[in-house]
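Several structures are given next for inspection.
Note that subunit A is present in both complexes that follow, paired respectively with subunit B and with subunit C.
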Partner chain A sequence: MCKQLINFLMLTALILFMCAGTATAVDFEANTPAVTRLKQNMQQRHSQLAPFYDSGAVGLTRDGLVALRDANAVPLSSRQSVNSLVTAENQDRNALYREIALANNHPEWEEDIRLTFAQRWTASARSGWWYQQGNGSWQKK
Partner chain B sequence: MVTRLFTDMTKNDFLPAGLMAAGLLLAGCVTINIYFPAAAAEKVADKIIEEVWQAGKGGEENGKSGRNINDKTDGKTDSKTDKTDKTKP
Partner chain C sequence: MKPDRFWFHRDSFPDYVCRPVARCRLFLPLILLFILNCPVAAAAPHLDFMLENIRHPVFSIRSAGIRLTGSPASNLEINLEQVAIGKQRWRNLHVGCGPVRITRESVICDRGILRIGGQSLKMTFRLSLLQKKFELEVRPVSTRQSKETWQLVIDWQTEKWQGALKVINGDGKYLAGLLPRKKEPVQVRQAILNGNFHLSGDSASVTALSARLNISNLAFSDASGLHAGERISLQLDMDARQDRHGWRWQSKLTWPEGEVFWQPFYFSGGAHQLAAGGTIQDGHIHLSQGEFNLAGIGKADFSAVLNIADQSWQQARFAARNLTLSTLFGNIIRPLVVETALAETEMTGKMDIDWHYPEDNDPSLFIEVHNASLTDAQGRFAVAGLGARLPWSRNVKRDGLIQFDHARVIGIPVGKTQIPIQTEGLQLSIPYAEIPILDGKMAIAHFSAARKDSKSSKDSKDSKDSGDSGWQWQFNGLISPISMEKLTESLQIQPMFGTLSGTIPRVRYANSTVTMEGELVFGIFDGVVVARNLVLTEPLGLTPHLTADIAMHHIDLGLLTHAYSFGNIQGRADVEINDLELINREPVRFDAKITSSAGDDKRRISQAAIRNLIALGGRSAVTAIQQRFLGLFEQFGYAEIGWRCKLRNGICDMGGIESLTHDDSYMLIKGSGIPAINITGYNRSVDWHELLKRLKQAIESGNPVIHGYD
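Here is the complex of A and B:
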């Protein structure tokens, strides 16, 4: 009885340990068809968004999205297109964070992924682009 | 009951095995409760950002080439003015 119990415990522990081992050994996953599709979308959109980053009309928010921070910097003719670009970009960014979390079988990581991306977008931004600081204020890089 | 179990274990040398099992179980439980791998996520984020903004770098280059074109046109206008200057006398 006791031997059986210990054997069972050991087996369970071993399986758990092995599972955990493989889980930690696997790198942070972000190569799914959904992620690739979102990346391509965003890549294509970036050439349209870049001038607005340059002018300061659009900035990088602290929650890993983009926002129209200075509508006056956008010519009237392209205000509508800027709004739709920002909306589409944010949809893709939200989906990207969610998809990466799902790719890692940890949907609860979405917010951590979002915050990581927020920091990295800002760090990778070109000088002259605007980003939102932790307290919500805008800062020019 | 407990002493009997204990004597059984010592008799059969199961105590080390039991301890090992408990240790493994604990390690398994601790490891399975994985925290967010921030460093790995940062690397992945950097890679994705690089890919997404690569087009932007192209745009940057275009912008630069645009500036170059402007410079060239400036140069042309300069040369034109030079020419006009030359034609003037």
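Here is the complex of A and C:
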């Protein structure tokens, strides 16, 4: 029992160490022209998306993107433009993760960066916004 | 109605049971007629009657149970396990009436209940045997808020029977519950129906039917809301008549109001109309007079032949003239291309479409575009005076043409152009075309484009293509002299002098990446430029990446310094920029080196150029003694010039002709002749943006100040 506990603690420490190592290794604030441009673009779009985050029409997915999770919360005439917003936002988000990985000279980190950003988006989401949990279900913050 | 078998028991059982398997020609009235004429009906206080199957060309009924109790004011109950009309199925219908007045002339029910689709409805009916007429009226149980009424009249006084159904404020939601379930169910939330249906027939079948139906306040949606409509009004007119050849039919559907979002399309109502007519014979629906009018876009004619048995199109044709491209593109095309560069494009002009799906399964399409324009909202491209003839066939090569009066691509003006094209299946080719660009032109040869799906690319034996999918194209060509001055002005970048000309080696596009194989050679500043390993990723995306290796040979520094107002340097230089990466036209990485070209050309440098070079060197780039000379002479002689920069992460790691031993400095200019001057650099690391900013300020002010990066 004691041995199992020690093994568990060692494994936990190892995982924490690996996470910490990855976190310190990646420069999430990399400031290349592409990253700057993408952030500006996303910032401009955010004011258009925010009402749909508030209404629950759009939610934050577990893979660092956004999704139209409840179109019924959007007036019919706006559903097409919300679709376009979501598509454009996801194009920028995908590009952002790719560019940060490139800026770190590690294109293979893109998926890890994406998952870290997914957690960041969820953590910084306002109360009442919807996010996707690890099992794919939606949860209101 | 002739029962095949008929068992009849009386008194020996508590209930009387009749079990015929019937072939029925008329529905409820005749069932009741049968009851009336049944010898036991009048005498028996209690009757149970079971019809196991009733089949008719129009409908069928499975397991119809009829129970009559009491006399003379009896209670009637009819239970139908399943009623089918065509492919529609209704289960567990119940009719209850008490009391029902039964005489030899009539059956009258003033207070009945009809249960259908989980709902209970008030019902009255009157069956007149003398007049051969059946009248049925159905209302909801609560009529305070609704004046909903369904009235059915069937009479068979003549050999031909006829029926009429009148619907007043009918609940469409109630009808929706009767609709068969689909894989992605779309629920009707509400609808109000008003209209009339007429049917007539003979003893064998229905021979004519017509419908005039108004649907108002229709609202429907699936669970996700991606297929939904609200406040919709529809008007349906339909007539069908049977003759000796089959059925002839005509219908018209008008959509004046409401809105529909059917992922990814959105339409609002307004005089949209669908009209169609044709025949039904020999197991086929022949649609010969189809007309589709989409308000704001235009009108299209269509025809088709549908095999009813396997529900497959045998042939179809669709033709439209003068469609309005602004609305067609905005409403139909753009929603399909939101992930491409066309997502923010506006289009104007007119378009004709002819699509033919013949019996030999070789479909063809012809699109003609007139007086069109294409404009990207982000200003990346614009095309004016656009016309096109685009034929397409799955198996046959077709010739077409694209032409435009003028265009602008990433700021570069393009002149009047005609591009002959060839199409075949999902392949497009351009044998040869010339595109005027500024004062020169670009010739494109052997252009070919094809769409590759991921499956076929996986199967590809060509290792270069493995994993590639989507549209791919390639070409080679030739650039006839284009003024670099005009080109750089169009691109809004630092001016350059010279001409761009040369051979374009094979250029290939796949997976959003343009790759140039071989070398692109052109001339600027009276020298020769060789570009190699050129790769452009996401060319029309938000963050295009360009990587290349560029070598410039024998550049005239006089032209170069003049272009940048850098003072004046006479002489020639070679430039190497390796591992260059630009994002949004901005350099983020390179290894650059400028060295004097070999040769005995005249080498002089002006005072102004020296001052600007000092900006690169920083601190006291010239000795104190040389500083005194600097103000005395306008020009100085030099033997060699050299500067290099390795740009990484925004920092330029600089060097010169050679490193000096006494400190970390490096020589930028080695003086020669009289007067001569040496210029030394001291700052090894400089912030690239800061360097550009201060150099720009220095050139503008004539007072350079460059600080090192700490």
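Simple rule for what comes next: the second predicted complex is superposed on the first by the 112 of 141 C-alpha atoms of A that agree within 3 Å, B and C clash if a C-alpha of one lies under 4 Å from a C-alpha of the other, contacts with A are read in each partner's own complex, and residues count from 1 in each chain.
Rule of thumb we're sticking to: a residue touches a chain if its C-beta (ideal position, glycine included) is under 8 Å from a C-beta of that chain, and two chains touch if they have at least 3 such contacts.
Owing to the predicted nature of the structure, the values given are computational and were not obtained by experimental measurement.
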If touched residues of subunit A are counted for subunit B and for subunit C, the larger one: B
Touching partner for A:42 - first (subunit B), second (subunit C), both, neither: first
Subunit B contact footprint on subunit A (complex, rising order): 2-3, 6, 9-10, 12-17, 19-21, 23-24, 27-28, 30, 35, 39, 42-44, 46-47, 49-51, 53-54, 96, 100, 106, 109, 112-113, 116-117, 119-121, 124, 126
Interface residues, subunit A side, partner subunit C - complex: 31-34, 37-38, 41, 68, 70-74, 76-77, 79-80, 83-84, 87-88, 91-92, 95, 99
Residues of subunit B defined as touching subunit A within the complex: 5, 8-9, 12, 14, 17-18, 20-25, 27-29, 31-32, 34, 36-38, 40-56, 58-60, 63
Residues of subunit C defined as touching subunit A within the complex: 221, 224-226, 228-230, 259-261, 263-266, 268, 335, 338-339, 343, 538, 541-543, 545, 583-584, 586, 588, 650
